[in-house]
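In what follows, chain A forms one complex with chain B and a second complex with chain C.
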Partner chain A sequence: MTQITNPKRSWMILPAHDPEAVMRCQEFKPDVAVLDLEYSVPPKSRELARSGLAALVGKVGESQAGVFVRVKRDTRWADVRAAMYRGIKGIVFPGPEEFGEVTELGELITALEKERGLEPGATELVLMLESARGFWNAASLAKASLRVTALGVGRIDLTMQLGPVPQGEFRLYRFLMTRALIAARMLGKQPLGAYWRPGSRGGVASKESTAKAAREGRLMGFTGCFCATPEQVAAVNEGFG
Partner chain B sequence: MNEKPMPKYIRRSLISLSLDDPQLGEKAYASWADAIILDFVRKPGTDWQKELLARMPAAIGEAARGGAEVFVRVNSDTAAAELEATVFSGIAGVVLKGVNGAEDIAKASERLDALEESRGIAAGSLEIDVEVNTAAGVWNSLEIARASRRIGTFTANEHELCRDLGMLPEPVLEFEPLEYIKSQLITVATSVGGQAHGMSYPLSLTQKNVGEEDLRKAVRRARDTGFKGAVCPHASWIKVCNEGFRPSAEEIAYYRKVIEVFAEGLKRGMASVPIDGKMIDVPVDLRAKLYLEWANRAQARDEEKAKAHARPAS
Partner chain C sequence: MNNRVARCSMFVTPTNPRFIDKAWTRGGDVYILDIEDSIAPAEKERCRSLIRESIQKASKGGASIYVRINKPFVDADLPYAVWPGVARIMRPKTESAAEMQHAHEIISRLEKERGIPEGEIELSPMIESALGAVNIHEILTANPRKIWSQGGGGGYDMAVNLGIEMFADFDQYAFPVAYVALGAMSLGIEATGGVFVPNPSGRVDQSDQAVKQAEALHAAGIHHAGALHPAFIQPLVSGLAPTEDEITWANRVVEEYDRLADAGESIGTLDGKVIDKYEYEFARGTLDWAAACAAKDRYKARALARAQAANVSR
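And now, the complex of A and B:
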């Protein structure tokens, strides 16, 4: 196993259209502030979120947390352009499916680093797997760009076409976690994921169930995960210890 | 459904023994294991190759005294030198550890081609068994399995694999963290006509020396998930593995009845026949025949070992 030193444990998702909410995150001390252009931004606020990102990235970049921007798969090119400013640490790409998509985004980042005077090659790329194709191609995706530093289990309810929220013992989830973990460990990337239980994930997960999900994720070999609320940050940091 | 022998090998119990163990022969003989895996240490500052070359042939003979198949465990990254020093007539094959991809198998297989020729071993007869202990070994398992016709079995070295995956090798979760990895290895091994060896959870991780009844249940679970044998960390496991990784006496009795009743049904022109409320059709009849064949082969293997035990030591 390639040793992963100082893994980033808590990746707090913050709505990029709401600067106040974003700045408040500094109190909770997540390892990573994920400025979100995806699900936590209502469609009508997306343009606003993009236009404010340059300033926001710079401001949060001065704090302790590393600043990542989660782009939306369908608008990832415009989103990456809006995110690549001084202070940016990396881009979170949700739902990659093919090698070429990752290479292409990596090249766009390279061009923007050059254009905007950012350190060449320093911007990281985090791949969150969300679809059947993505999980199957996990290793190939992670090899598609030298920028890829982490491979994670993203939202799978929609893209895996699971229908109603799964209940009880959710074995498919464990299978997908295993697949992401193996690919990540094989390639020395940070594996991101927690063993969330149906009905207790995202914004509704309590402090206790988050801590349990993180702890079990760690036992399974993961080193960090995404979270959405202040109390989840502390629980995740504790769970991944 | 194919009608190849199932399983490929009657290799229910395997134990590892050190070449440096002064009681190697006695332990192998007393174990009644179906297979012995020989381990050696490359002592730094010595001409380990020369030493092994001198000691291997006798050690293989010692290990085989009780009728066990003999394998030697070799590290994939230094396979060429290790194979050169350890492959002699009398071994059934090698256990290759640390395999990360198909090229590791191709290289080892080429070395075996040459050694078979130079040391008077039947061409293509030596088996390569894969001991998976890295993430890459799991991810690339299908390519690995397809890399050579020599591939016989897959075994996960679960402790080392956990370390490589950053998993805690203790059964503290309420589910088995390696469940899908084991399923994958069983499927992959079977897909190339081989088989997988392993124990059921949590014993697979604790490796404890539990009581016979608990062990019996664990072996049954392992057999019923698709494993055809297990590497035994304790000599006490061997007997239970030999008795458990095969059809049980109840199954044999039941399947005999299935075959008999089904044959009578066919004579009367029926394609499915009830036994004790269950319907017996062609697949069940076929399984019955395969299970009886499996039982017969296991019985034959036991007799073979008994004969070896009856022979006076030379």
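And now, the complex of A and C:
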């Protein structure tokens, strides 16, 4: 088997309400730019982020191979409408739980591709598992739309409140990572995730801990992960390189 | 009394007066009256007849009462186990939805006959075999009765069923524990959890082991544990409640996040730590749990005072 260089190691989260920060992303050389409408956008800037998205997607799309938009689970329909413009490569859906949710979002994308003259079927869907329900249904979710190209594990220690256990890991983490990996591999999707170890709560990941998490993630079969801060991009590229 | 707070559920043997008569003085959150493994076959009948009075005795200190029945004698055991004052029936070695449904129907009938609000008594499937673990989802969704998930790991029966060595220095139960836990979590069902703490000695009566177990469970975010020996009661009851420092910090986090939200923000810092929706949720969880533990402790203290007064006056 020939070794294929993985082109999507680092998925850099960029706050969509801050165009300057978004345009600076080139300096850090992420493999994928993820314009964020979720965690990194405060409530007061959400409308601004949505309304500026069409222009931003086009602009970043010129220089960056892959521009994805991460929507917010609760407002995903309006968010997808705001994101589907020329230049878009795909949508990141955080916290999917049921087959029908993914199918439905895929159909909305189909309608918008048609309405806005985008290439039919080209927009990808990346599913980030964040809840027990999502992990239980992992394989079913990945099968719910042909658009799904990647299945990922985010910071489930935070979203699922998994505390540390004496073995220096988060409770259930290894099992959940493996469950996502198996679902992704059996369906030919890219597995996204890094193996984060317990640190102090509320701490920011350092370059070193990021590189270690990426390296361990790669050893477990994952091929890329999300970067919450610019400093993490180089560490992730190296860890998955 | 709500039975959500079950930091330590201890098995007691109804046929042994020494255990039953002292239980109320030991401070446990829950006593499990056992008709199963701790009772010899020849003693089952006598044990059944002692359950009703044991409920009164063991709950005098404010503890909730569960009854563990026998898998082969569900029909025979339940009429002796379903009484007012029983919070939960534990059904061992559960492997299918049909078994859950069968127990549910008998409990419903007995509740009706004995003036217990229908559906009040919880039913807890104990997962102690490969088949039970694999079928966890159908077991937990078998009927509308309130379910509490139990097991998947650590137990003797699971070790026998899987053919594994129980007391090893690595986690033999990692997969069944995680699979059963995920099944319960995916349905929003509370579960008695486990964290692997190496115990190659195989002893279950050492209080330093209890302290280690409590610290590990608390750190992992698990609120409920079982015990086989009274030495585990105090370490678990105090160790699984939030500490004063944790409560103080949680209050500060909630206050800070509320301030952020009022300003239309969602990420901030406090003492150099990131404060965001995840830390907020975690802090809210800490405060909820602290309040529930405090309520249970007050209830137990009142019950204990009453029982002590009654004891003296006698």
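Rule of thumb we're sticking to: the second predicted complex is superposed on the first by the 216 of 241 C-alpha atoms of A that agree within 3 Å, B and C clash if a C-alpha of one lies under 4 Å from a C-alpha of the other, contacts with A are read in each partner's own complex, and residues count from 1 in each chain.
What we mean here is this: contacts are C-beta pairs under 8 Å (C-beta built on N, C-alpha and C of every residue); 3 or more make two chains touch, one makes a residue touch a chain.
Note that this is a predicted model, so its numbers are computed, not measured.
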{"item": "Which of chain B and chain C A:175 touches, first, second, both or neither", "value": "both"}
{"item": "First (chain B), second (chain C), both or neither touched by A:78", "value": "neither"}
{"item": "First (chain B), second (chain C), both or neither touched by A:136", "value": "second"}
{"item": "Chain B versus chain C, judged by how many residues of chain A each one touches", "value": "C"}
{"item": "Touching partner for A:201 - first (chain B), second (chain C), both, neither", "value": "second"}
{"item": "Chain B versus chain C as contact partner of A:220, first or second or both or neither", "value": "first"}
{"item": "Contacts of A:112 with chain B and chain C, given as first, second, both or neither", "value": "neither"}
{"item": "First (chain B), second (chain C), both or neither touched by A:48", "value": "neither"}
{"item": "Touched partner set for A:162, first chain B, second chain C, both or neither", "value": "second"}
{"item": "Which of chain B and chain C A:23 touches, first, second, both or neither", "value": "neither"}
{"item": "Set of chain A residues, in rising order, touched by both chain B and chain C", "value": "174-175, 179"}
{"item": "Parts of chain A lying in touch with chain B, wherever the complex brings them together", "value": "1, 4, 139, 169, 174-175, 178-179, 181-183, 185-186, 191, 216, 218-223"}
{"item": "Residue ranges of chain B touching chain A (in the complex, touch as defined)", "value": "134-136, 138-139, 162-168, 172-173, 175, 177, 179-181"}
{"item": "Complex contacts: residues of chain C adjacent to chain A", "value": "137, 171, 174-175, 178-179, 181-183, 185-186, 195-197, 216, 219-222, 261, 263-267, 270, 273-279, 281-282, 285"}
{"item": "Chain C contact footprint on chain A (complex, rising order)", "value": "39-45, 131-133, 135-137, 155, 158-167, 171-172, 174-176, 179, 200-204"}
